[in-house]
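The first chain written gets the first letter, and so on, giving A, B, C and D; residue counts start at 1 in each chain.
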Amino acid sequence: MTNELTLYLIIGAILFSLGVFGIITRKNAIMVLMSMELILNSANINFIAFAKYGGMNLEGHIAAMFVIILAAAEVAVALAIVLNIYHNFRHVNIDEISKMKE
Amino acid sequence: MSGTFNILGVGILTWITFLPILGMIAILAIPSGKDEISRARSLNYFRYITLGITFIQLILTLVVYSGFNFSMPGINDASSMQFIERVTWISVTGLPMLGDLKIEYFLGIDGISMPMLLLTAIVSTLAVFASWGIKKAAKGYFAMYLLLVTGMMGVFVALDFFLFYVFWELMLLPMYFLIGIWGGPRKEYAAIKFFLYTLFGSVFMLLVMIALYFAVGSFNMFDMMDPSKFDQNSILAGFGTSWRYIAFAALFVGFAIKVPIVPFHTWLPDAHVEAPTAISVILAGVLLKMGTYGMIRIAWPMFPDAVQYFNWWIGLIGMVSIVYGALCALAQFSVGKRDLKKMIAYSSVSHMGYVMLGLAALNTEGVIGAIFQMFNHGTITAMLFMIVGVIYDRAHTRSLDDFGGMANKMPVYTAIMTIAFFAAIGLPGLSGFVSEALVFLGAFKTYPVLTVISGLGIILGAGYMLWALQKVFFGKLPERWSGPWDPTGKIYKNDDINYIELGGLVPLAIVVIYLGINPNPVIGMMTSSVNHFVELIRIGGNFAGM
Amino acid sequence: MNWYNIVFYLFALIVLVSAAGVVFSRKMMYAAFSLLFTFFGVAGLYVLLNADFIAVTQIMVYIGGILILIIFGVMLTSKFTDLEIKSGTTGTVQYVLAGISTIIVAAALIIMYLNVDWVQNPVPELESTVKPIGILLMTKYFLAFQVAAILLLLAFIGAAKIARRK
Amino acid sequence: MSHDLLLKISVVILFLPLLSFLIIVFNQKRLGKAAGIIGTSILGIDLVLAAIVAFNKFVVYPNEAIIQWKFHWFSLGNRTIDLGLGVDNLAAMMLIVVTLISFLVHLFSTEYMSEDKRFPRFFSYLGIFTFSMLGIVLANNLLNMYIFWELVGLSSYLLIGFWYEKDSASNASKKAFITNRVGDLGFFAGIMIAFFTFNTFMFDEIFSQIRSGVLPFESGTILTAMGILLFAGAIGKSAQFPLHVWLPDAMEGPTPVSALIHAATMVAAGVYLTAKIFPVFTADALTFVAYTGAFTAFMAATIGITQNDFKRVLAYSTVSQLGFMVMSLGVGAYTYGFFHLVTHAWFKACLFLASGSVIHAMHHAMHKLHDHHSDPQDIRNMGGLRKTMPKTYLTFLFATIAISGVPLTSGFLSKDGILAGTLAFGNLSGHWLIPAMAFISAGMTAFYMFRLTIVSFFGDFKTEIASKTHENNTQIVLPLVVLAILSLWVFYSFNPIDASSGWFAKAFKPVETVVPAEYQFDFMMPYHDAHATESTEVSHGSHSYLNKFEEELHHQHYTAMFLSLAIAGFGILLSFIFYYYKKVDPDKVANSIKPLYLLSYNKWYIDEIYQKTFIGGTILLTKLMFWIDTYIIDGAVNGVAFIWRIFGTFVGKFDNGVVDGLVNLSGGVVGFSGSIVRKLQTGRVQTYLLLSIIGVILLLWWLF
């Protein structure tokens, strides 16, 4: 079988593809958000994997940490927006939100 | 004092010329505003920026004036030009056909540009007051306005023919938009007519410029004026050749369209009638002068032989313009829409005829009279157009039939208009008289008959001006104007002229009266240049054995 | 097949299955809970990769923070009484196309990973990564750290502002 | 008093009225009625100063030709344009005339204009007029003269059009200005010839250059032309035929204005100019001037006989008297021409102010009767005013006697001299038409002036209005009295029948001509031509004459006096027969010579002729020019544009059909594919993401 690094990378790739699929197919904004979290996690797996096997060491950890920070910020803002949209439209289906006014 | 004045390491003439561009950038950077309040606020910013910039320009021009040496002739002598700024602008070597192409950024002034510089600064500052009422797309308007000012200033300070041409064309574009967007009902027609006419003239100028370039090998105006710099094999070398006459005629037509002289004048009434007030002011006050300035700066010193050859015809054209323009102005009372503005536009044709006549005199009195007439026509006609603007803004008509009896409704306005109209007639004590008298005294020495016939213009001028004065102010007030102009009192609190309009008119009136009593400040700065100019043309022309 | 491998495959399975659950489940609450498992599995993988600090961070931030937020979001934007909190999809054509293309992407990535001869440069094992990461954050990445802090602050202020009703 | 001080005072005299104008014009609302007091008192000071200057000139420097001051106005580099002012005897006398009449008119107007709503403005205009007029008086060069000449035109324009609500007033003011402009064009052409030839505007320099033989274009004909062209300014300003038409219309202005401008001062400016440039007139020019004056005098007198408007009669009488003055200068009777100017100024101002007094009274009476339709100026509405307005009547009567040339008045002295001059001229040159016209005009003057007096003041009240009039107050009457007294003979010569022994004739001795002998009448050439300076010393005796003309004039004196007395007496008698005793019905006489009557009544149809020819012609010409402008020049421009448009359309067709066809084909393909692609443009992020993924896949596929 192949080495361990490749295994981790494959897990990341599959996670990534699932995330992309989710983003494309889901109507609900919160679902889109969740899918995005998957993508971010796939990226983090890669970072940590390269940290151990690719010689990035702690630099990879730091990068992953920043990704987590950003994800937190992103989710906070995104959910606030979603809530706002919900107040205005009474639903959060993105394909029906065509007017960005107000 | 021939040294250059520098501010922040940049010459003062450059500052004067390009300051409006800075203002334009500032205006473009300010948002127009979305709601009523913010729009009104930005409109005020636009106005005050434009006013501020032109005012600083005026101050700088006065600084230049204070440092100006009255005794340096200039004209064809680069060493006695003042405030020179000279750097290489475009330099390409080893071109096929052309060889080395070198275009300089070459600025400088002499006694002929100085009055024009002053005039431009004064008129463009005061015309801002006439722009105060512009509401539609104000951002674009004021930006274009400042661009126009740069173009005009540039024309008067450029000493490189190519640079001159660039400024000349630069001023076309904003003018086109200013007439075409902010104009009256037939603005598109007028704007296109103006544009095509002027472009037509520019083509001639461009051709001659290129021909001169091939003959001289540089775009430097002084080289073009120096017969020894001409390549002996070029078609323009030597004196008194038919190629030179053709080149002069083409150049003359190019400038004449701008003046305008009969029969190239028909763009002027249309452009004036359609243009907004401030643009009419600029058009009559400064733009028309560029034509005659070009003649004095370029056409005359470069082709003195041709000037002598064609001189009688130039005088004739001047005479025809005077009489013909006056007759057409007078015709506004018997035919057409009796448009006051059109009448004044034709009066401009007539008054610019005096400039041509003075130039044709080719003596000190005549040429000084011509240049002084350029200055005076600039101030007086600016006043006239502002005056028409004032009444048009209120009554929304310019037809002389609609008015009458305004003297009781608007006494201050009447007083100002009387001053302006009598200045246009050439009443002594006002500046127009001095220049017209000098033109006549000079021209009489050269062409007595033409001059005496031109004198008819004085009578006709009195005719149409007094007729207009009577129609607007005297007699009975028509029923429709018996109430206040603006019953709500929002725009016009009083019936009489307001302070902003006075802000534009009173300084001009002061200039007109002051120069009528003491013309020295303007005449003084041009005397040595003009004497040199006359000598140059007379000797240069005789060189060809004329 | 050693202990390490068994644990690894277990976590990998948890991650993949729960991720598929996130993406494919029709009910949003299920999706949210699947996401919990995904995060947990990823945290496990981090531990296997000797990234103890990140693993803890993953659990605390993702599970303790983000996931809670998402669940709140789900519940606030749905009618509470409605048990069937479903999320529709964007259309069949798109669904199929998305499926095909993501599979291709995944396949391509996997084939690529398998064919690449990775430069292996294993690092020395560390007792704990917490201290060195702390030193790095206070020295080399100090600026980035501060910026991230400010960013977070701003994001939360912004979120509060946006979420508040006008 | 030194020259310097004298000139400084002259400058002050010149600018005081301008000060009055500036003070009043900027404070119209604030000053109100005070404007009248300010204006009048400033003019009073001016009058005192003028008297001082004149006294000094006549007593201290009687033999200096001119005390003058020149300065550079501006420089043209190699030449300067000079201005200046000077006081000679003419100017000194004119200073008195202008300031005194202006002062009296100011005083008169404080009452006359008191009900006008633009009262302050009226006084400011009077101020600027006086300033301009004094400028003409003090000019010692042509350019100064021209500048103030035009300013006088402006102030006249403003004052005639003072009641601009009336169309007739604003038309009259315009007509006055433009008619004057025609004359001014000639004047300016003359100035141009002078400047071209002599390179100066100064009178004394021009004279000395001509004396030394410098002629324009080396031609006596051009010198004649120059003289006539300069005189054209006088034709306009002094209302000589053919430019006299503006003066009667100018009566639309307020009556004090008529008295000041259109009787005493401004219209005299032309005569003053002619007197100033008198030395440059050649024989031909003099003849031209003489005929112009004689014809004007004659024509205006014939018109004056039949007019019914009080002020119009006076206006035509003014034109006629101005004709006398001009004729007098033309025939060479320089002294008497100027003398008549001065005497005429007094009595004509008196007549006009008296007419103002009458009109004022009529106006008030009409106001009392609530009559707004009658014409207060029509003499047919008057009659019997002698009873209600005795002071006005007496002064008016005295001025009428003076203008008719009855002995013991100033008018007799001056007119007598003029008539003697015409006789002398006729005798010496053979132009007998001039004295003939002069004597007939003199007779007619007496006739119509007495007609005016009798119809308006004698007899019974013709209307109720006339009976309700009453005498005006002191501000109006005082100027009349002063002016009437000044029309007595004693102020000019103690001998009531011969002015030549009086101080006036001595102060204004004939000036020598500077024209070369070959272009001048030999009788005008000085006797002492060969040795100029010596003979002036010698000529002291009682019978020393400048030239043959002077001698002849002296000889013709008594002939002229008897003739003129006879003819004036005949005119007065005739008017008493017609209008007082009514022995002959004037209407019957008029009917018997209908065509002549109509010719006179309609002012020789000159206005109509001008309307048809000059004005109509100009309007036609303007229409023609504008037609050319619109249809030919602009038509050509638009035509070129049209041709280009057609060409453009053709090119456009080709472009559309062939060139664009290909372009459209490719465009169509793009458009078609675009219509497919645009379906992908859903505006949804998710679709885009999908597409980008597909794109990435395709890219990868292409890469590997």
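What we mean here is this: contacts are C-beta pairs under 8 Å (C-beta built on N, C-alpha and C of every residue); 3 or more make two chains touch, one makes a residue touch a chain.
Quantities reported herein were computed from a predicted structural model and do not represent experimental measurements.
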Closest chain to global C-alpha mean, per-chain Cα centroids: B
Centroid comparison with subunit A (C-alpha atoms), farthest chain: D
Contact-richer chain pair (by C-beta pairs counted) among A-C and B-D: A-C
Inter-centroid spacing, subunit C versus subunit A (mean Cα positions, whole Å): 6
Separation of subunit B from subunit D, taking each centre as the mean of its C-alpha atoms, in whole Å: 36
Rounded Å distance, subunit A centre to subunit D centre (Cα mean): 99
Euclidean distance of C-alpha centroids - subunit A vs subunit B, Å: 68
Junction residues of subunit A - those touching two or more other chains: 20, 24-25, 95
In subunit D, residues with contacts to at least two other chains: 684, 686, 690, 693
Shared-contact residues (touching 2 or more other chains) in subunit C: 90, 94, 98, 102, 105
Which pairs of chains touch, using the document's own definition: A-C, A-D, B-D, C-D
Residues of subunit D defined as touching subunit C within the complex: 684, 686-687, 690, 693-694, 696-697, 700
Footprint of subunit A on subunit C - complex, ascending: 8, 12, 15-16, 19-20, 22-23, 28, 31-32, 35, 38-39, 42, 45-46, 49-51, 53-54, 57-58, 61-62, 65-66, 69-70, 72-74, 76-77, 87-90, 94-95, 98-99, 102-103, 105-106, 109-110, 113-114, 118-123, 129, 132-133, 136-137, 141, 144, 148, 151-152, 155-156, 158-163, 165
Touching residues (chain side subunit D, partner subunit B) in the complex: 73-79, 143, 146-148, 150-151, 154, 157, 161, 164-165, 167, 169-171, 174, 177-178, 181-182, 184-185, 188-189, 191-193, 195-196, 618-619, 621-623, 625-627, 629, 633-634, 637, 641
Complex interface listing, subunit B residues touching subunit D: 193, 196-197, 262-263, 265-266, 324, 327-328, 330-336, 364-365, 368, 405, 407-408, 422, 427-429, 433-434, 437-438, 440-441, 444-445, 448, 451-452, 455-456, 458-460, 462-463, 466-467, 470, 473-476, 518-520, 523-524, 527-528, 530-531
Residue ranges of subunit A in contact with subunit C within the complex: 2-11, 13-22, 24-28, 30-31, 33-35, 37-38, 41, 44-45, 48-49, 51-55, 57-59, 61-62, 64-66, 68-77, 79-84, 86-87, 91-93, 95
